[in-house]
Structure formats: structure tokens, C-alpha cells
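I have placed the structure first, in the form of C-alpha cells, so that the comments after it can refer back to it.
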Amino acid sequence: MSFLIVFLAIIATLLHAALMFGAAPLLIGLIGKLRARLLGRPGPPVTQPYRDLKKLIRKTPLIPDTATQLYQLWPFAAFVATATATLLVPSFTFGMATAPLSDLITFIGLLAVARGATMLAGLETGFGFGGAGAGRDALFSIFSEASLLVLVLAFALIGHHPTIDGIGTTFRDGHIGISVSLGFALAAILAVALTETGRIPVDNPAGHLELAMVHEAMLLEYSGRYLALFHYTAMLRLITWFSLVGTIFCPFFMGDSALPLSWPGGLLLWVGKLIAGSIALALFEVSTAKMRVFRVPEYLGVTMLLGILSGVFLFVAARLGG
Amino acid sequence: MSAALLAVLIPLLAAPILGLFGSPRAGSYTNFLLNLIILPLTLAATFSRGEGLLHADGLGVIFGAITGFVGLSTAISNIAFVRGEAPRMSVRRWRVYHAMCQVMIGTTLLGLYADNIGLLWVAVEGATISATLGVSLPRTASALEAAWKYFVLGGVGIALALFGTMLTYLAAQPVLGPGLQALSLAALAQNAAHLDGSLMTLAFVFLLFGYGTKAALVPLHGWLPDAYAEGPIPLTATLSGLMLNVALIALLRFRHLMQANFAASGGAMQPGPFLFSLGLASLFLTAFSLWRRRDSRRFFGFSSIEHSGIAVFAFGIGGAAAIFGGLLHMILHTLIKSALFQALTRGAAMRGGAGPDNYGFSHLRGMMATNRPLAWLLAFSVFALTGLPPSGLFTSEFLIISQTIERVPVLSLPLGLGLLICAIAIIREVGPLVFTVAPKNSQPAIAGRGIGFTYLHLILVLIIAYAMPGFLVTSLSDIAAALQ
Amino acid sequence: MSFIFPLVYPLAHLLGGVMLLCAFSLLSQRRLAAMISIYQIEAIVLTLAAFWQGFAQHATELYLTGVITLVIKAIIAPIALRQIVQRFNLIRAVETAMPVGLSMMLGVSLIGVAVLVVLPTTMNSVTLTREDLAISLSVVLLGLLVMTTRRNALSQVIGFLSTENGLVLAAIGMPGMPFVAELSVALLVLVAFLVVGVFVFRVREHFDTLDLTGIEEIERRGR
Amino acid sequence: MNNILTLPIGLPGQGMHLTCDPLSALFLCILAPQALATSIGPDRKSPTFWTFILGMVLTVVAADAFTLILGFELMSAASWLLVLRGDRRPATLYAGIAIFAGACLVPALFLPAGGIAFGLILFGAGAKAGLAPLHAWLPRAHPAPSAGVSALMSGGMVKVALYVIIRYGFVVMGGQIQPWWGAALIVAGVASVLIGALRAMLETELKTILACSTVEHVGLIAVGLGIALRARTLNDPSLASLALQAALLCAIAHGLFKPLLFIGAGAVKHGTGTTSLDWLGGLMRGMPRLGGLMLAGCAGMAALPLGPGFVPEFLLLHAVIASAGTGDIIARIGFTAVLGILGLSAALALAAAVRIIGIGFLGRPRTLRAAAAEEAGRTTLVSMGILAALCVPVALAPGLLLLLLQPVIAMLVPGAVPLPLGYEPFPLLLLAACVTAAAFLLLRKFGARGEREVPAWNGGFGKPPAWLPFGNPATQATATGFAEPIQRAIGIAILGRNSLDPGEVFILEPLRRLNLRFTRAAERIRRATIRQRLAFVFAALVMFLLALGLTQGQ
């Protein structure tokens, strides 16, 4: 009997991988389309990111003469780390083959590897923009990782499980109910997600202004298939964060790998979550402007405070709850 | 005619001969020969200890042997010293110098072996006068000032010690009656319980000030740094270092009388507080006086005060193990300090003669460039003073600190602090002294054969500290138990 | 002579008192020559005390001590001191390290301390020794006070010699004190005198004045 | 295993006693690889180096107080001499801290087991290990000696100091553990983590960065030990064993990658004559193998998954999360703050590692020496290779390592039940391999072949002038430039305007001023004239007599 469950888990994981890797560019395209629509422009077709990636892959990459032998390593390192992280986050069903691995701290560690690789890519060729971008990214990473860990504390204590899968199932089955600390945690994790994926308030993904860019500055010297890898990594990171927030905060109809019948429900919920998320993100990005670099630490300081408050209220609630 | 008596008489009788005849070099060779005879005699003293006025007990024998050994090694390095320094003083002064060397050794041995407290006092007084003459040998103004200070403070100390001796005699009257018997240390020690307690306390105050001056404890230490810094080092520093031991042992013996009397509630006050307060005072004043010294002899003079302070502190704490630690500390410190001063003399000789101002740290710096074996010798001996493990003093300081915690825990804090500051101040000098750039006008020089003998000192220190032979352990612990 | 003449105690006490008076007056002397003569008187009185104690205790060696004290301390020392004063024409040298009134008061309080200390501690010994001890302790302390309050090297030496006299007085007072002590004290005086002589000569050569300010100046130079 | 071996030498009459129980065996295993790696280098000829190792081994296998202190001080003395031979300036400060540690430990070992004794041990061994209040000396002293020695100091000596805390905190005084012990260790640990990580990010000298990172890792171990101590007082053996596993694994991992990095730094100094990051750059081209090994070391330092440093960090964070669930409200809030600081420091450590590799090894050479650097010597690479090879099992087989640690943890925490580890590197490696294979295949099928070498785009700036073959090095990020945003955001808040270490400002400076004041007082006493000295002696005598007279009077 257990062999069947394992087999089903593997099938679920493969399906999950296909969906995540396939839909990543689509999500970026959808958000771009929605932003353009909100600004009154028709905007590029939803499948534009696929075309961009195909174009980049076919172009021969131009390696700067001052780059060292590791120039080709960083894109692969960043991509592999983020892809592994993606496989850990459940999208439409729990109990996947990667469920026991999906510890939140491992997830944060893998994202840190990806971030480190991107920073090193920025410093690789030894020109001004890469270094400046890497420095800013280091600054933001400090605050976001601190607040993320505090959130992990809140989730682990509420969900009684260290793994994302466990937390999700507890949230789905155990009737947790709306609690103040979860509200703070949601606000905090959204802010951290925006920082990690480099969306509007922290960094302008569409903008090319050298002085203001953070993530793009590190990829300045890359081209061809290596740049494609970096862009695809960014897309993967966005869809991973969407799925993570979705799994933790709205796991209600997600299926179980053991009962294939529940998968379609989970799938529908996942697609709905993605669409709703992209609408919200597009609306948010259109309505706010990019912050000055040195106002971001205060913004992230507030996020960290929210994280700690969620923990504190958790203890207060636990105390009151007895 | 016991070996002990011979060991005392030979140097004292040879002194006038040395003082009247012979060139400086001849004087140094005779000095060496005399010491060559004295060392076996001091070793033989363990068996034929002599009786009556001059009876060497366990403590006297051990420190007598150490004195003999240090005397011989100083005589060896003295030969090179005299050859280098001959033109600096007139022949008559060199004769006085060699005579005073022999008087110093003779009086030290007399002080160690004397059973009669009057004879002990005469020995200490003789050593003071010979050291004063030694210090005044060079004609410089600062040497004269050092000699005058030595004479005034030393003389006052001696006078107080004599008064204390007389009061002890008076305190012994009711038990031992008039005559020589009342002055014998052995007799006093046996029936210490029945001495007149209050008179003994008064005597102890005077003795503490008298022999404390000779042991250079803090309020009375003024003479030592200048005495070490002026005059020919072998006499004024190395040999007078041996005199510190005599004074410390005297203090230990009188402390035992007081402690036994106090234990038997004979009316005497407890000697402990007197001693460890002086010990701590020495430790702390030297701890902060070592930081600003520019002259190396004065610097190591202060470190001698620190180490005699530690020994007196150990005696003040009391208990067999603490006294064992204190005695071990005195033995190791004597060996290390004499090795250090010999190395300094040789180093200064290599840096253009051991003139009065050639011992400044800035003059002696960067010894590694001049001569490697001597540089390492200097480094090891200065390092040995700090008490960090490879140096033997670690064992004795470990014993003293562990006993302090068990008997008077609150004192371990000031003791630890004092030792810490002194160790840092001393270790600070090793770098500049050995490893920096040598002054411009110094060229590499070859060291004489004598360095081997000085290295023997440090090897002896390691053996005594870490692999003490059985017989020494038993005899020292018996002494410590007896003097509890 | 098992019984003791009724005179023994008062006479010894008298001689001790005179010595104390000399030591006390040393404090207030302004001129060196006067100090030397007072010291000479003190030495002579000490000799008499020694003879008297010898007679009272029937100890022959006390007579020998008296002779030594007479020869060295009462005769040779003052002559040598006067010769030094002569050579360095210090007859009129006047120096007051401390106001005379203050030093007198200090002297009195010192005697008080000595008496306060000696009397209770020597309750059970013979009254003669108790008296004698108190006086000799006072003379010793006064000698030390002279040494600390005088700026002239020679007057410090005289203070030192007066302390020695106090010690010999104490030694004589001890019944049955073996001979060794006296000889050594004598030895001390003799050699001290030699050393001092050599010193004073060299002090003269270096500082052309016996005043200690020259020496103290050296100490102030940080070394 | 714990039979006592008595040596004839040692304290007169008592000799020295050695034993090797599981805890000692563990720390010997931590010391062994470092000693092997560093002894391959040029240091094996100096006898002081071997005395240093002897001192460490003696401390770890000591069975009685004398041998422990003897080994501890022998280790300090030998390393002081090596620091002195390296660079004279920090030698005295280093010796001062070493003697202070000894002065604290000796009384502690003789006092009855209890609060004062542990406080003294915490101060003594903590000062030597570089724990928070007394850590300012470590970044100045560790870079001074030669590379091999500073590798051993950071990798080994720091662990021996922590061994003393573990030995006395858990084993000797196991019975009388009080709750404040754990709290003190945690607070000191967290402060060291924060200051160490922040300074590692802001320093520009490579060896100083590594020393500051040592302070951070000591802090991590201390936090682990603190949580274990606290858990034992709350008698929760599972949390205690989890925290202990984190602390001991961190000691093992740090003992491997830190010496690797220090030996690498030594090779960089040998190759380019400097270890200041602002003078290096582009070393990966001239020293590829050294660069690769340094990259492995930095992966360990930054605690990245699949690296040796991740498992201890993983266990420690879980221990903090678990302990945040226990205790009263203040403790829980405290542990939340601790978690925030650990997260912040983990990111700082990653940024510091990126900075070392990015500024030092990648980019364009900033000086001619950096440009002309040749590959490091064979012995250096072999010793670094050994350490890197040993990092692999720690990174990929932590479960096995925890199994080996079981006897030690059973000894330190009686009744500890082994916990399953929530992080298995092999399946993670498998996933990563599949994804890489997929990406490679896709790119090979669809992507274009070949690459072309062109001058860098650099946002459209023109080609560098002829006389600057590598372009103007000034136009690339410098070490201070990279750290400047963080310096402005947090550096000023914690380290103040001119980034002085708080340990220096609040502890070492006041001590130096105090010493100066007392030295001046002692100088005034020394200049007293003869008459003043005589007057003082005389007054002391009269006082004694007066006191005697009054007391004897009654």
C-alpha cells in the first residue's frame, strides 16, 4: 500500500514541477499585462516572457574579457538553488515527495545561496554597477532574512511543524481561525516577499535606470543563455513566493498526494491564487513608486517589528488561551 | 670544624687578602677559586651541620646550597665582567670590590647557618655594609646617592632589627633564662608557646621593620632599585639578591615563633595580617612602578621587590602548603634573577661595555641581532619572571593562589590582580628587549663560554619546579610543616 | 653580693634620664658643633651606665663594653666629627629642617608612645629592665626623629649614632645578655664611622656642601 | 576510557593526571585535523609551534586542575611568543588577556562549585575564547602571527577555551546549574554574534575579517551552550541535546573551514604581499585552485545549505525556536529577539563571505602585485585540500556525525534521547542534480553554441585607455564601498561614528586610563627623597607601636 502512496507522491511532485517551471514566465507576463492595462496601455502579450527567453537562449553570450573562469558558474548556481527551493514549496497538494525536506530554514538557506550567487555574479567582472547593486542587495538581505526568521518562529509555533508542508496541513486541517499574530505575519511576509523578488517599493524590475537598479545591476554583464537563466531564476523566485504565501495563508482546498481525486480542486485553488495575487501585485505596483535606497532599511525595520509583534501576540494569545 | 663553619670562615678570611693584593683579573680568578671551594662545602653542610652558635638546619642547608651555586655562577660571569670593565675603576677599588664579594657570600652563609639570632643580625649587618661599599664604588653622583640612601635606610633597619632581637631575648627570659640559650633559634622554636606573648609581639614589630627593610618590603623598599642600578652588577644585584633570602627566612622563623605562641594563646598577636598586608603592598606598588622604568637594572630591582612580596604574602597566609609554595618561590626566583642579571651584564658588555648608562632598555633593545643564544637566554629569563607555565614560578604561584583561596578566599582577588598587572608589565619588555631592531652602532658579537652555565640556571629552575627530586620534596615539606 | 645596694635602682634610672635628656636636646640644636658635644656627653653618660650596670650585675664584660664605648664613641668619634666640621668650616652652619617647637612636641609624644608601649608589655619582668627598656626605646626613637628632621648629612649621622647609644643602653639593661651583642654594636659604630667618613669626604667633593639638597635633586630626576 | 594516567612531573609531590573521556576525545578530534594541516606548512620547524599544540592537547586531556591550568597557560604563552614574532603591537594586549584568563580560572577551580566559580570561569575562558564583553583583543591579535599559527589560534585555541566552559559548566558543576548561567552565556553569545558578524562585514583586512568571523562563531557556540544549560535547569533533555548538538557541530565545522580560510589568507599574503581587500582583486585568474578552496571555505563561513556550516546553524535556529516556546513571557520575547539577531548575523556572514570572494578574488586586479599573483605553493594547497576534504563529510553526512556525537551528549546531558535531524543533504543534492541536468540538456538542445570574448559592457562607458590594460581599477567596487550601505544603516547605530568596537571603547580604554593614573601615583611615590622615605617608615613604626600599645593595654 505504502508503495502506491510513494508513487502517487512522486507523480504529484513531477506534476508540481512541470506546473511551476511552466507557469513561471506566464505569471510575469500576466502581471506585465495587468500593469499595462491599469495604465491604459494594451501592453505586451501574456506569452511575451517565453519569447524573450527563447530569443536570449539563441543569442551567443558575450563574455567580458575581465571575467574570471567562474563567470559561467554563477547563473547555474543561482538557478539550481532557486529551482530546488521551488520544488520544496507545495503548490496545489500537500504530502509531495519533497515534503520531509521542505523545512523553512532550508528554504531560506537555498534562497540565500541564490542571492549569494547573484551578488558574486555582480562582482564578477569588476565594474562599478555590479558592486553597487551587490552592496544594496546585501543591505536589503540583512533585514529581510532577520524578519523572515522571526516569521518562521511564528509559523513553527502556530503550526507545530518546522516544514512548510506540515504548517500548511495544520493550517488546513486544524481550524486555526483569524488571530492577530497571523495578520501581522501576513503583512510582514508580503513585505519580505516584495523585497526578495525585487518588486516596486524596493527595486523597479522594469526600470533600467543604472543608479536606482539593484537586481538588474548585478546581471548587467551577462548576455545570451546566462542572462536567460538569471531572468528565469527571477521568474521562478516570484512564483515560489506566490505559492509559499498562498500555501500558508489559504491552504483550505489544497489536496493530498495520497488522494488523486483532491488534486483538481487543489489545482483550481492554486491557479485562482496566482491570478488573485498577480492582480493585487499589479494594483499595488501601479499605485506606489520606488523608495529611495536608504528608506528601504526603515521599511524593512518596520517589517521586522511586525514579525516580532506577531511572535509576541502569539505568546500573549497562547498565555490567554491557556 | 664543621663544613658549615668552614663555608662561612673561608670567604670572610679571604676577604682582607683579596682587599689588599692582586690585580683585578687575579682577584676575579681567586674569587672564582674560592667559590669553587665554597660550593662543595655548602653541599657538604647537609651532613656536618656544626653545633652551638652555627648550626645549619634544613632551611639553611637548602638555601646555603643555592647561595653556593649562585655564588659560583656569578664568579664565572664575573671573570668576563672584570676583563671587560677593568679600566673603568682603579685597582684599589677592584680589590675592595672582590673583597666585598667574598664578604657578601660569607655573611649570607653566616646568616643562613646561624642558630643564634644575634649572630644572624651580625651577618645581615655585615652584608648591608659590604653592599653599601659596593654601591659606592663607581664615582658617579647617582651611585653616591644610592649608597647614601642604602646606608641611611639600611642602618635604620639594622638598628630596629637589633632592638627587636634584644626584645626577643627579653621575651625568652622567663623560659630560657639568661645567657646564650635564650638567643638560640632552635631553643626559641621549641618552647615558643611559653615565651612572653606581649613582649614577643613588640619584638616582632621591630623585627618586621628591621628584616623587612633587608627583604625590601614596600614601605621599606626605597634602597633596592637604586642599589641594583648603581655599582658593579655581580655584587650589588646578584649577590645582594641572595641577601633577600636571608631576611625572608628570618621573617619566616620569627613568624613561626609568633604563630606558635598565638596558637598556644600565649598572648602574642597573629602574625599573618602583618605579613600579607606588607606582601600585598609590595605587590601593588611594584605592579604600577614597573610601567615607567627606562633602566633595566632598576626594572628588575622592582621585580625582585614584587617576588619577595609574594613570598611574604605566602608566609602571611600560613599553612604548610602555602609556606612550601613561598619557599619554592624564593628558590626559583633567586635562580631566575641571578641568571637574568648575568645575561644583562653579558648583553651590556656586548653593547660597548657595561658602563653606568648602558643598561637602559633603549640601549639593550634588539638583542637578537647582536647574539642569538644570549637573546634567547634574556627572553627566557625575563619571561620566566612572569609566571606563565614554561617558567617554574607558575608552580609556586599556583600553590600560593590555591592555598589563598582555601584559607583566606577574599585575598585571592587582590593577589590575582597584582600578579596579573606585574606579569603584563614584565612581559611587555620581552618584545622590545629581544625582538626589535638593534640600535645603529651595535654589531653582532660572540658570547663567551659562560653562557652555558647561565642556561644551567634555567634548566635547574625547570627541574625543581616541574620534576622536583624526591628528597627535596620531603625535606621542604617537613620544613614547611615544622614552620607552620 | 646577693643583696643589691639601695642605690642601684635610682642611679641607673638617673643615668638613663640624663641620656634621654641629651637625646632630646639633640633635636633642638642649631649648630653642628653643639650637637657633637651633646653627643659626646651622651656617650660619656652611657659609659658610666655601662660601668654601673657591670657593678650591679657583677658581669665583667659590661666593664669591657663600657671601655669600648668610652674609647670609640666618647673619644674617637667626636674628634673625627670635629675634624670634619673643621675641614668643611661648618661651625656656623645653621639648618632647620623643621621648626624647633614642632620637633620638641614630636619628641615628647614619642617618649609618651615608648612608655605607653613598654610598660604594659613588660609587666612581669624586673622593674629595672622595664624602666631601662622604656628609656632606651625613647632614645632610639628620638635618634630616628633627629635623622628624619635634619637636612645636613653630618647631623643625620649624629642622629644615627644617638640611636646606637640607645641600643647599647638597652643591651646593658638586659641581665645576662651575652657579650656578642656589645661587640657587634661596637663593630657597627666603628665601621659605620669609617663608611660615613668616606662618604662625607666624597659628598664634599661632589656637592661642595654637606647639605642633602644636592642628593635629593638627583632622586627627582626620573630614572 | 576514563582511566587516569599519572605523569611523574608536575606539582611537586602530586604529579599530573591525564584522562581521555568522550568530551576530551571529541575536542582532540577537532584539534587533530587543524594541527595536521598547519604542521604541513612552514611552521613545523619552530619549537614554539609544537609547544602551542602540546599546550592545547594538555588542556583537553587534563584530569586535575593543575594540569588544566598548566596546559591552558602553556598554550597562551606559546601563542604569545608566536604573536610577538609576527607583529609586536598586539602582543602585550594578547598576553594581558591570556594572563587575565589564567588569573580568573585558577581561583574558579578551587572555589566550591557554584555561582561565583562559574562566573569566574565564564570570564576567564570567555575572555580567551573572545566572548562578547572581552572580545576586542581577538581581531587585533589573531591576524598577527603567521597564517598557520593564526589558523590554529582561531580554529583550535578558541575551542579549547570553550571546552573549559563545557567541562566545568556541564560536567564538574553539573549538579549545581543555576538558571542565570544559561542566560549569561546566551546574552554574551548573542552580543558576540552581532558584533562579530557586523565587524566581519566592515573590516578591510582579510585576516581581521576572519578573526571577527571567529568571534561570531564563538558567539553561536555560546548561544547553543547557553540554551543547553538553561534547558537542563528546566530539565528538558531533548532541547538540551538539540542545542548541544548545534554547539558541538558548530565547533567541529568552524574548526575545519576557519583554518582553511586562514591558511588561504596566508597564501594570499605570500602571493601578493598584502591581505587588505582594497589592494587585491582578480586573484581567481592567477590563483585558480586557491580561489576554489577559498570559495569552499567561504561557503562554510556563510552557512549555506550543502556546505559544512549549514547544519549547526539549522540545529541552532531550531533550538532557539523550540526554547522560544518554553519559559515565561520575557524569556520568549528574548528568544524572539535572539532569533532576529541570528537571522541578521547569518545574512551579514553571507555578505562578508561574498565580499571576501567577490572583492578579493573576482573582479579586476587593483594592484600590479594582485595582477601578477602566481598559484599558492603545493604545501599550502595540500593542507587546504585536507581541510576541504574533511568538510565534505560534515556537510553531506551530518546524521552520521551526530551519531558519533551521541556518547558526548549522553555524558553532558544525562537522559538525552537522540532526535531525528530535519535536514538530509543527500535528497537535496539529488534534486539539485536533476534540476541541473534538466537545465543543461535544455540549453544544449535549444541554446546557441560557443561564446565570444568582448570588452565588458559597463553600462556603455568607453574602452579603458591603453596604459591601463585592465581598465581603471578605481571604477570597481572596493571593500569599503561594498560595505558602505550596511555601515550607514547599522554600523553607525552599533559601532558608532568611527566604527570603534564597543569592547574596545567600554572595557579596554577605561582599563588603560586607570593603569595610567595608578602608574603616575606610583611614580610620585618613587620620587620621594630619603628623608621622606625615612619619615614614612618612622611614622609607620610609631603607628604600629601605638596600635600595639592600645591593644595590649587592656
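Per-chain numbering from 1; labels A, B, C and D assigned in written order.
To be clear about the criterion, a contact is a pair of C-beta atoms (placed from the backbone, for glycine too) under 8 Å apart; a residue touches a chain by one contact, two chains touch by 3 or more.
Just so we're clear, the structure is a prediction, and the values are computed from it rather than from any experiment.
Enquirer: Of every pair of chains, which is linked by the largest number of C-beta contacts?
Expert: Summing C-beta contacts for every pairing gives the maximum at A-D.
Enquirer: Go ahead and note the Å separation of the Cα centroids belonging to chain A and chain C.
Expert: Spacing between the chain centres: roughly 100 Å.
Enquirer: Using mean C-alpha positions as chain centres, tell me how far chain A is from chain D in Å, no decimals.
Expert: Chain centres of chain A and chain D, defined by C-alpha means, are spaced 34 Å apart.
Enquirer: Rounded to the nearest whole Å, what is the centre-to-centre distance of chain B and chain C, using the mean of the C-alpha atoms as each centre?
Expert: 31
Enquirer: On a C-alpha centroid basis, what's the spacing between chain B and chain D, in Å?
Expert: Distance between chain centres, rounded to whole Å: 44 Å.
Enquirer: Mind pulling the chain A residues that touch 2 or more other chains?
Expert: Expected reply: no residues.
Enquirer: Listing for chain C: what residues touch at least two other chains?
Expert: Residue numbers touching two or more other chains: 117, 120-121, 144, 147, 215, 219, 222.
Enquirer: Please output the residue numbers of chain D that touch at least 2 other chains, ranges allowed.
Expert: Those would be 523, 528, 530, 534, 541, 545, 548, 552.
Enquirer: If you go through all the chains, which pairs of them touch?
Expert: According to the stated criterion, the contacting chain pairs are A-D, B-C, B-D, C-D.
Enquirer: Would you pull the chain C residues touching chain D in the complex into a rising list?
Expert: Within the complex, chain C touches chain D at residues 97, 110, 113-114, 116-117, 120-121, 141, 144-145, 147-148, 151, 212, 215-216, 219-220, 222.
Enquirer: Tell me, which parts of chain B touch chain C in their complex?
Expert: Of all residues in chain B, those touching chain C are 116, 118-119, 121-122, 125, 129, 132-133, 136, 139, 141-142, 144-145, 147-149, 151-152, 155-156, 158-160, 162-163, 165-167, 169-170, 173-174, 177-180, 182-183, 196, 198-199, 201-202, 229, 292, 294-295, 298.
Enquirer: Could you pull out which chain D residues touch chain A in their complex?
Expert: 281-282, 284-285, 288, 291, 295, 302-306, 310, 313-314, 317-318, 320-321, 324-325, 329, 332-333, 336-337, 339-344, 346-348, 350-351, 353-355, 357-359, 361-364, 422-424, 427-428, 431-432, 435-436, 439, 443, 446-459, 470-471, 473, 475-478, 481-486, 488-490
Enquirer: Can you check the complex and tell me which residues of chain B touch chain D?
Expert: Per the stated touch rule, the residues are 148-149, 152-153, 156, 160, 198, 201-202, 205-206, 209, 213, 219-220, 222, 225, 269, 285, 288-289, 291-292, 324, 328, 383, 386, 388-390, 394-395, 398-399, 401-402, 405-406, 409, 412-413, 416-417, 419-421, 423-424, 427-428, 430-432, 435-436, 465-468, 472-473, 476-477.
Enquirer: With touch defined as at the start, can you tell me which chain A residues reach chain D in the complex?
Expert: 54, 57-70, 76, 79-81, 83-84, 87, 98, 100-101, 103, 105-106, 109-110, 112-113, 115-116, 119-120, 122-132, 134-136, 138-139, 141-150, 152-153, 156-157, 162-163, 210, 220-221, 223-225, 228-229, 293-294, 297, 304, 307-308, 311-312, 315-316, 319
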